[in-house]
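Note that subunit A is present in both complexes that follow, paired respectively with subunit B and with subunit C.
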Partner chain A sequence: MLLKRLTQAMGPSGFEDEVRGILREEVSPYVDAIYTDVLGTLICEKGRSQPGPCVMLDAHMDEVGLMVVGVENSGLLRFRPLGGVDPRILVAKRVRIGSSKLPGVIGSKPIHLQKPDEQKHPIPEDELFIDIGAKDKEDALANVQLGDVAVFDTLYDTIGDGCVKAKSFDDRVGCYILSEILKKSYAVPLVGAFTVQEEVGLRGATAAAHRIAPDIAIALEATVCFDGPFVPSHSEGTRLHGGPALTVQDGRTVADVRFLRFMMETATKHNIPYQLRRVKGGSNDFAAIQKSREGVVGGAISIPLRYMHAPAQIVSSKDVENAIRLVDAILQEIASGNWVEERFAN
Partner chain B sequence: MSDDISHLDTLIALLQQDGGPGTEEGVASIVKRAFGRYTQDIQTDVLGNVFATVQGTGEGKRPTVMLAAHMDQIALLVKAILPGGYLRVVQAGGFDARTLVGQEVLVHGRETLRGIIGSKPPHVTTAEERKRTPPLEELFIDVALSEERAKQLVHVGDVVTLASQPVHLLNRRISGKSLDNRTSIAILLECLRYLGDKPHEADVIMVATVQEEVGTRGAIAAGYREKPDVAVAVDVTWADMPEQPQDLSFKMGEGPSVTFGPNIHPKVFRALKDAASSSHMPWQLELSQGPTGTDGRAFQIAADGIATGVIGIAIRYMHTAVETGSYDDIETCAKILARFIQTIDASFVEGLTCY
Partner chain C sequence: MKELIKSLCEHIAPPGGERALSNELLEKVRDVAHQTSIDRLGNVIATKNGDGPHVVLMAHADQSGVMIMDIADKGFLRIIGAGNLEPGRLVGCQVVFQNGVKGVVQLEANTKDAEIRFDHLFVDIGKSSKASASELVHIGLSGVIVAPFTELGATRICGGSMDNRVGCAIAITAFRDLAAMNRHVSVVFTAMQTVGARGVGAATFALSPDLAIVVDAGPCDDVPGHDVSSTELGKGPIIQVMDGTAIVSVRIRRHLEESAKKKGIAAQFGVWPKGSADTDAGAIQLTKAGVAVGGVHYPARYVGSTSTVVDVQDAQNAAILIVEAASSYEG
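So, the complex of A and B:
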């Protein structure tokens, strides 16, 4: 199962090889051309010589992770985060390190030996280590190298009603949606970009957008969903099962209102549930694509994701399915000539 | 009667099994099956303690030596089902709430449900919030169910356990939940394996106790029931890691810790130490200044009092989902205990009350 394979693969920013391999194998039979750019973004062209605006669909392959930066005499590994990781989430978790996926654990001082009040404060980042079971420094260095990267060791599985759990739905769920779309055919030039290094500053998308020079671009992402009863509704971002989320404004973009209206109208016309993303922070690759060259029209479609950047995350299968339906409907509408910028302007 | 197969697989099965204080049945059934390789005399008491007795070769009234390891693991209990189907929990054992954030759990309701202890994404976390750590009362479990469905499947009081699968690290080290104290169950089993057909005068009672994590409750009844001449609690201690007090930190892979202090009968301590030397096995000295945090605290004052010893392997990250211990230490500890059992005779027992 593709989403399972994608979420269980290792691919922190700059080290997306395994994810790229899975995607290349998956979509190759369905596209006209497939190649990588100098940063490692996987670009897939489909019907590019057809008439109509060139549509770029973007999903990033990378996930947040850790990098091994030192080894203690005890054999414990020092690390630093790659991308936005809250150190508080790392305590007592399992990781896999390097291409051999060597297992390791991040432990913490036992409760019995803590000083009073110690539990009121987060464990400082420099007191967290990865333990691979090495006896000492030499033993550790025989098994890992400085610069090896690590990701959470989490299995994909079902959870609750109509949901799945895994690591790195941000943004393997976008990669999954893009793969499914590339398996279909549209009467419009289509370029799929599985980008690199989104988590460290939208870097892959910046170069890819310049190269592809699309007329329209849509980023397929995962976005904050923190919709418990203990959260004020203005902070929840999105609601699980509420349908794909459309960006109005985030940390780096103000939506192109014309394209936002087009997406909303398309969703309504095709009877697809959607919601507006209600959180101002965070962003996605569209922020980079929008500012590419002379500027690009488009937007972002995001899957509500609980516990983003944590080891175990939750998405709703219905939300994923509806996102695929929405992208499909948008491409059909564009192919039918129903995207006319002026029509959606004020 | 005995065979020569390592109990590593049994340990892995024990680590995969869930069993909080008071809900040890699943663990107990694995333990009974494993003990069954060595004796037919297996009994369970009213609390759920499992006793396996191997007769000694002594004439007349034989000495009795009991080795104990607790089967329970620390757990949580559901205390409320919130709107949205989220669960709040209380402790059944001692978790540091900081180790629970983002953890996968199993909720043992009408069905066993997967759950995730939620965390606020960094994208909406303020700098101020990053400096604090939510206490257990603020943590919640997400079972991805609506409130209505959650209320059908989960009830207040249901047990929640960590869903952490064991993993093999380098150097025969194993990491997972409940190494505290399932590694010590493995020690009892390995000890029976090493004891094999070797002669020992004393009757040996292996007991897997319940409810240690909430106050050595199984041990209180087990000590009273058996009233052995000697009782040794086998329980884990702390392996070294940065920022820990040195006298409470032991080296992994360098043999078990043998405890010395008021909770320990000096002659039992000496016999354990001598068993290590005579079997050429490494051991480490753990000093304790009062009742230990093990079943040994209950045994010492059970009935008329029992001569008590405490031994166990050092594990890292105790009471977390990634407790880490060495199988080498398990084997070393078991060899020492097998030798120790062989040294228990009538004159040793007679000496226990001679001060």
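So, the complex of A and C:
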């Protein structure tokens, strides 16, 4: 199962190789050309010589992770986050390190030994370490090098009513949606970009957008969802099962209103549920693509994701399915010539 | 100049919503331009072909505002910022949305002044249910603070959109003068500057200027609480040394300084640390293989607040300085 394979693969920013391998194998039979750029972004071209605006679909392959930056004499590993990791969620988690996927545990002082004051505060990042069971520094360095990366050790599974649980839905769910779309055919020039290093600053998308020079771009993402009973409506971001989320403004983009209207109208026309993302924080690759060259029209379609950047995350299978339907409908509408900028300009 | 500023101030143009102002801006320059366009990001561009290096004047069209991000059960709106407005300053202000709907910004009960964030604010548009409010407004609709153009005596003016309609007026005036001199000149009214200089890069990429001159509000500190001021209202245009986005090359800065001298205009210098007066300059400077950039700004009091005070004479002198510098620039 593709989504399972993608989420269980290892791919922190800059180390996307395993994910790229899976995607290359998966989509190769369906595209005209497939290649990587110098940063490692996997670019897939399909029907590029057809008439019509060139559409770039973007999904980033990388996930947040940890990087080993030191080894103590005791053999314990010091690390630093790669991307936005909340240190408070790290304590006592299982991780896998390096391409050999060496198992490790993020250790911490047990409650029995903590002083009353220590129990009141989260353990600071510099007091956390990864334990790989090494007996000393030399033993540790026989298995791990500085610069090796680690990701959470989480298995994909179905959970509850119509949900799935895994690590790294951000943004393997986007990669999954893009793969499914690339398996279909549309009467528009289409370029899929599985980008690198989004979590450290939209770096892969910046170079990819310059190379591809699209007319229209859509980032396929996972986005914050915290729809608990104790959260007011304006603080939940999105709702699970509420359909794919469209952005009005985030930390790095103000929506292109015309394309936003086009996407909303398309969803309504095709009877696809959607929601507007109700939070300013966060961003995605579209922010970088929008500013590329002479500017690019487009937006983002995001899957509501509970517990973003945490070891175990939850998405709704229905939301994923509806996102695929929405991207499919948008491409059909563009192919039919129904995206006309002026028509959506108020 | 005052009338021009006044007419530009009548439009609502939050970041991403600059198109409400685009036509009026185009009308002010179309008759002297060879090409005009609005690009994909909403930058409004006019070019006059002519002699000399291609000088591009850059003034941002957008103003800071707010955006609706939720409509609550009783018809109250929840908002996020769009630009640099500080949430604490908005309490009690009126806001007008892009479709003309007005409301009052207020604060959740039991919030201390020091803690005010956008999540504590709401807008009352006079509706009592989510359904009736939803008939008037929608998530993603933007608005600006109601603070109309007002004259303060003979030469000073204030209002909520001074930053940067004054800059647009200066750029229009200078562009027209340079066109009349048959110089090769463009003007760009840039989009989405207040959210972080997002529009200008695309226009710079398209135009490849030989020299870009940014025109923006230069915050001045000649107000109670400062013993010594570095920039003052009414003391002439501000030549940018550096802001949080760009250090202007000494060659360009000297050229601007000499141009002011040649015209007998008193000028001041702007040295602004990051965050205090960030402009489009950095995004321009780092486009393609690099672009020569300078800044000629007008002194403005209370930048970032809901109403800014400007002296029209400073604006007039900024335009004269820009025309001199652009027409004598040799590349």
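Quick notes on this one:
What we mean here is this: the second predicted complex is superposed on the first by the 346 of 346 C-alpha atoms of A that agree within 3 Å, B and C clash if a C-alpha of one lies under 4 Å from a C-alpha of the other, contacts with A are read in each partner's own complex, and residues count from 1 in each chain.
In the analysis below, a residue touches a chain if its C-beta (ideal position, glycine included) is under 8 Å from a C-beta of that chain, and two chains touch if they have at least 3 such contacts.
Quick caveat: nothing in here was measured; it's all calculated off a predicted structure.
When both complexes are superposed on subunit A, subunit B and subunit C sit side by side without a clash. By the touch criterion defined above, A:P122 reaches subunit B but does not reach subunit C. Of the two partner chains placed by the overlay, subunit B and subunit C both lie in contact with A:V279.
Across the overlaid pair of complexes, the angle with its corner at the CA centre of subunit A and arms to subunit B and subunit C is 130°, in steps of 10. Of the two partner chains, subunit C is the only one that A:Q249 touches; subunit B does not reach it.
Judged by the touch definition given at the top, the superposed model places A:K46 against neither subunit B nor subunit C. By the document's definition of touching, neither partner reaches A:H60: not subunit B, not subunit C.
By the touch criterion defined above, A:G295 lies against subunit C but remains apart from subunit B after alignment on the C-alpha atoms of chain A. Of the two partner chains placed around the shared chain by superposition, neither subunit B nor subunit C is touched by A:R172. When the two structures are aligned on the shared chain, A:R88 is found in touch with subunit B, with no touch to subunit C. In the superposition on chain A, contact is made by A:S235 with both subunit B and subunit C. Closest contact between subunit B and subunit C, by C-alpha atoms in the overlaid model: 11 Å. Comparing the two interfaces of subunit A, the one with subunit B and the one with subunit C have residues 235, 279 in common. By the touch criterion stated above, subunit A contacts subunit C in their complex at residues 233-235, 248-249, 252-257, 260, 276, 278-280, 290-291, 293-297, 345-346.
By the touch criterion stated above, subunit C contacts subunit A in their complex at residues 15-17, 19, 39-41, 43, 67, 69-70, 72, 78, 80-82, 118-119, 139-140, 192, 195-196, 198-199, 201-203, 205-206. If you check the complex, the residues on subunit B that touch subunit A are 82-86, 94-104, 113-116, 118-125, 130-133, 135, 138, 140, 142-146, 149, 164, 167-171, 173, 175, 238, 240-245, 248, 253, 293, 316-322, 324.
Against subunit B, the residues of subunit A that register as touching in their complex are 72, 74, 76, 84-86, 88-89, 91-94, 103-114, 119-123, 127, 129, 131-135, 139, 143, 153-154, 157-163, 165, 224, 226-230, 235, 237, 240, 279, 281-282, 306-314.
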